[in-house]
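Data block below; observations after.
Chain IDs A, B, C and D follow the sequence of writing; residue 1 opens each chain.
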Amino acid sequence: MNAPERVWNQQAQSRARRLARAVAALGNGLRGKRLAPEDVTKLLTAVLEPGDRVCLEGNNQKQADFLARALTQLDPAQVHDLHMVQSVLALPEHLDLFELGIASKLDFSFSGPQSARLAKLVSAGQIQIGAIHTYLELFSRYFVDLTPRVSLVCAQSADAHGNLYTGANTEDTPAIVEATAFKSGIVIVQVNELVDAVPRVDIPGDWVDFVILAPKPNLIEPLFTRDPAQISEIQVLMAMMAIKGIYAEYGVQRLNHGIGFDTAAIELLLPTYAESLGLKGKICKHWALNPHPALIPAIEAGWVESVHSFGSELGMENYIKARPDVFFTGADGSMRSNRALCQAAGHYACDMFIGSTLQIDLNGHSSTATLGRIAGFGGAPNMGADARGRRHATPAWLKAGAQARQGRSGVWAMPRGQKLVVQIVETFREHMQPAFVEKLDAWQLAEQAHMEIPPVMIYGDDVTHILTEEGIANLLLCRTDEEREQAIRGVAGYTPVGLARNKRMVENLRDRGVIQRAEDIGVDKRDATRSLLAARTMRDLVRASGGLYDPPKRFRNW
Amino acid sequence: MNRSFAESTARARVAHLLDADSFQEILGPAERVVSPHLALLGVPSSFDDGVVIGSGTLAGQAVLIAAQEGEFMGGGVGEVHGAKLVGLFKRALRLQPAAVIVLAESGGVRLHEANAGLIAVSEVMRALLDARAHGIPVIMLIGGDNGCFGGMGLIARCADHVVMSDIGRLAMSGPEVIESSNGVEEFDSRDRALVWRTTGGKHRFLIGDCDVLVEDDVAAFRSAAIGLLGQSIPLNLATMEAEHALLSDRLTQYGDCRDALDIWRRAGVPDPALVADLEASEMQALKTRKPKELA
Amino acid sequence: MEQLHFHFVGQQTPGDFMPILVGVVGSGNLEVMLEPSADSPECRVDITTSARGFAPIWAAVLQDFHERHGLAGISISINDMGATPAVVSLRLDQAAAELSSGTGITS
Amino acid sequence: MNWEPLLLALFGAAHRVTRDGDLLSGTAEVKGRTVMVVGTTNHAAIGVELALAQARVVLDTAREHPGRPIVLLVDTQGQRLRHRDELLGINRYMAHLGCCIELARRQQHRVIGLVYDQALSGGFITSGLIADACYALPEAEIRVMRLPAMARVTKIDEARLTELSKSNPVFAPGVENFVAMGGIRALWTGDLQAQLIAALDESPTPDQRAADGAARGGRQLAAQVTARVISA
């Protein structure tokens, strides 16, 4: 055999060449792993090569904003065709990269604030989208076929060795750095402060190559704060129905809540309405959840045993520190969040997901995708999907599984549980947009953006319940497509979908308990007032926390 | 749980502020005295044009009362709305109640009928001052989410007494208006903490523009109002000179302050940064401890 | 803005009563006033709404309200600023509840 | 009209009204009577200082010259739109000016307002509008808000507002509209001094504006609603 000898460390050699270029470019500007922010362009130009796969840390909440801006300053003649892999496109810079010709391909999870612009760039051919993922799915691919060559991440502080303290918002950082550092990649971090000793080590220093003190603290969004003052009477009603008709019915102990006023209302009804039903200790003990301020009254009233979080929430720092029995905290006292692990926890260890959506069709497929926007769904699909790999049993899981299997034979006869996946929506959104539709906008969007499949957030076969102000449709009990359709029409109220229901069949489904109206579960609509909320204002939340919660100034009105 | 003043409708505020079942409405909704102008502009009217007026008793004493509905057109004063208020003050001359109580929640002039509204605000002001000149106390209660701005902010300061909750706001121009005229550096209207410490009840209380600061609770407003019944401040040269001296001193003492925190610090508040999180009851102590410095 | 008028024939005649008003005319909200209309077997509904084109939905919401309460000899007047059917139904039911409890005009 | 020719037209050359920044004040004689002139010029933004300065003039007049008529000359772009003014409680300063004028009226001072240039929204309420009667020059501008801005805020089509404003005086800028609504008692043209003399003699002390608005057809309901409330 005279084939040339295979080189087995090409990636390591590439890494060494890049590091050598960086040392040469930075000269005295590089002290250990540290360099000045003015030198960031030199560094990035030295370590990046055209076509590199780059992870620019864009989280749900914290953003490596300084590095994002630095990346847009590069010369596209030298650095181009980057393949960006990142969970969230939150900043304008994330898309500027494509307009400037620095990057060309994108794999991501969520693009909420940039979704309209993303759609425009895609249709203009300036971005090639690999795929839209869930968070967990994208993190998984970091370890399979989307491993970054260079990662640009974000932390609170670093010591001289490059040990990182991420603060409460650890979020995606461990997943990104692990995938990059152990596959001969390069890890560059922006920090808010340089310290002699970090309060705790969230990322070990030998996984980190370069540290830059950013001129300004990184951007971070309080995404999970909902002002209780904006919760409507209708949302209170729906929360009462959820608690009595689903939480109590299944004895849901372990759960995840989507973001929104509907779920905030549920959280605020636990110490009042749910307490009055004698449910304390019977529901809602364990959570995979960002530290929602709206959960404070329930925590204070002793409802909550544990909360593990994807990320933190601005203003909750001192409260979390003071409640280490509930939250996951480090030896320094501050929260340790971790999106990858919390997503896994939410998927495998929770018995229920409840969240809102924009559109539901007659099969129960639901989507937040809107025309002219390419948004993705972040973590919702992992939360809102039955965990097919789950093998441990809990009463809630077993009951849902039994309802789905009742009276069925063949493959359905095997005892098995099912996750409760609840969609909670008002039949009309604002401006009288119906939440129920014959056909999801997702179909048209898929056609426009040349997607292979319509962007569905939660598939109908995963949805177990649809809850509206008109009632609860239990899809576990439906046995035919027609029953399922009428169950959905039956709670769709005065939307065109609802008005087209077969009244006789809907009444029949109601008799069977497939559809339950408020009065069927003993909820009196007249009791649904805001006075049931354990906190009616942000100020009440601060009071409930004993002054520990410090809401961002935009949420203050005192 | 208390009955939130801010969350109650104007009608509910009146019903629970006065002695139970004592309220007698004048020109109630069934009379349909509505704005003649809104329909022309394609906007639905309200049967009471956004203000509830009438008579009742407070701790057994006869009062006249008005409450603006902040949810309807932001409490804006239009032709009918304003005329109802004018009528109430003129009626007071005839009935000599223990007070005229105004639950003010308004952005000022209702733009849809701007000219009528502007003149109406002026008419209300003159009628109010007329009632005061006849020894009838006028008490303003401010605690709605929409605050008390523009023309109603002027009218409020023509009254004998002002009672506010700490979520109530009293000012002239809305922060959004100032921001759009002079930029976000002048006044960041999205910085709610800044908005409240500039216009909110606590600042107004510390600086002396509000006489009683209460919790966001209808019962608290009720007891504050009861405490002020029958206390008329005469409108004469001496009281006007005193007011003038107070306002001149304020300008001298605080005219160079850039933030409420500066004013509070200079006024002797020990830790101004903590004021925001104090309860209304704790604010009283701040003020009684430093009566001289604080207006 | 649009004005809509409906009539229903009911059996429950409340007789004479003080007008009842619930709700306020604010964004996504409405006011509903009930007044006696003596000796009429009808329940008459007059609506002024800021949103155009929703007559069929109003008809359906009012039909359901009528099936729940079957009122007669009554006039219902509504000023609406884009309330959803859920809020409309809630206010109508609140008004009807006050009718049976006889409290008159409140919030 | 500029303030100097205005004063010339009202009082002749012998007046003692001077300008200090945006503040106008001083005495003048008309038909053998001394009057106090106080007002603003240069489209003044009424801030705390300017409101206070005007109040000072009014108070001094009330104390030292009982019964001396007061003429309010109005040229204002409205209240000053500054954070500092709000911090200091500008509404109280402006209300104080209004109260001082009210006090003067109660002490038998005749108070006449004249909008000689522009009068915008809040700045007008505690100046000209609180006079016994307020007049305007035909070329003056009185408004709460221009139609384009009004269209944005109310979300009503500007073309529609413009169309409606042709027949309806209730929301659009313009001195004629304020005359129709009763807020301006009359427009002064020609011999301004003669009209000032007449106004000093004839202006009603009780608030006449709702009745005027009804009589002129611009404000049909105000007087009637007020009367119903009084007699209810």
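Structure notes:
By definition in this document, contacts are C-beta pairs under 8 Å (C-beta built on N, C-alpha and C of every residue); 3 or more make two chains touch, one makes a residue touch a chain.
The model shown is predicted, which means the values in this text are computed figures rather than measured ones.
Closest chain to the protein centre (all Cα atoms averaged), using per-chain Cα means: B. The interface holding more C-beta pairs in contact, when B-C is weighed against A-C, is B-C. Comparing the centres of all chains, each the average of its CA atoms, the largest separation from subunit D belongs to A.
Taking each chain's centre as the mean of its C-alpha atoms, subunit B lies 33 Å from subunit C. Mean C-alpha position of subunit A lies 59 Å from that of subunit D. Our note on geometry: subunit A versus subunit C, Cα centroid distance of 42 Å, whole angstroms. With centres defined as mean CA coordinates, subunit D is found 24 Å away from subunit B. Residue ranges on subunit C touching subunit A, taken from their complex, read 28, 51, 54, 56-57, 60-61, 82, 84-87, 90, 93-94, 97.
Touching subunit B in their complex are the following residues of subunit A: 229, 530-531, 536-537, 539, 542, 547, 553-558.
For subunit D in complex with subunit B, the residues that touch the partner chain are 48-49, 52, 55-56, 59, 62-63, 79, 81-96, 98-100, 102-103, 106-107, 121-122, 124-126, 129-130, 143-145, 150, 153-154, 156, 160-161, 164, 168-172, 177-178, 181-183, 207, 209-210, 213, 219-230, 232. For subunit B in complex with subunit C, the touching residues are 8-12, 15, 25, 28-30, 39, 42-47, 50, 69, 71-72.
In the complex of the two chains, the subunit A residues touching subunit C come out as 232-234, 426-428, 430-432, 469-470, 493-494, 499, 525-526.
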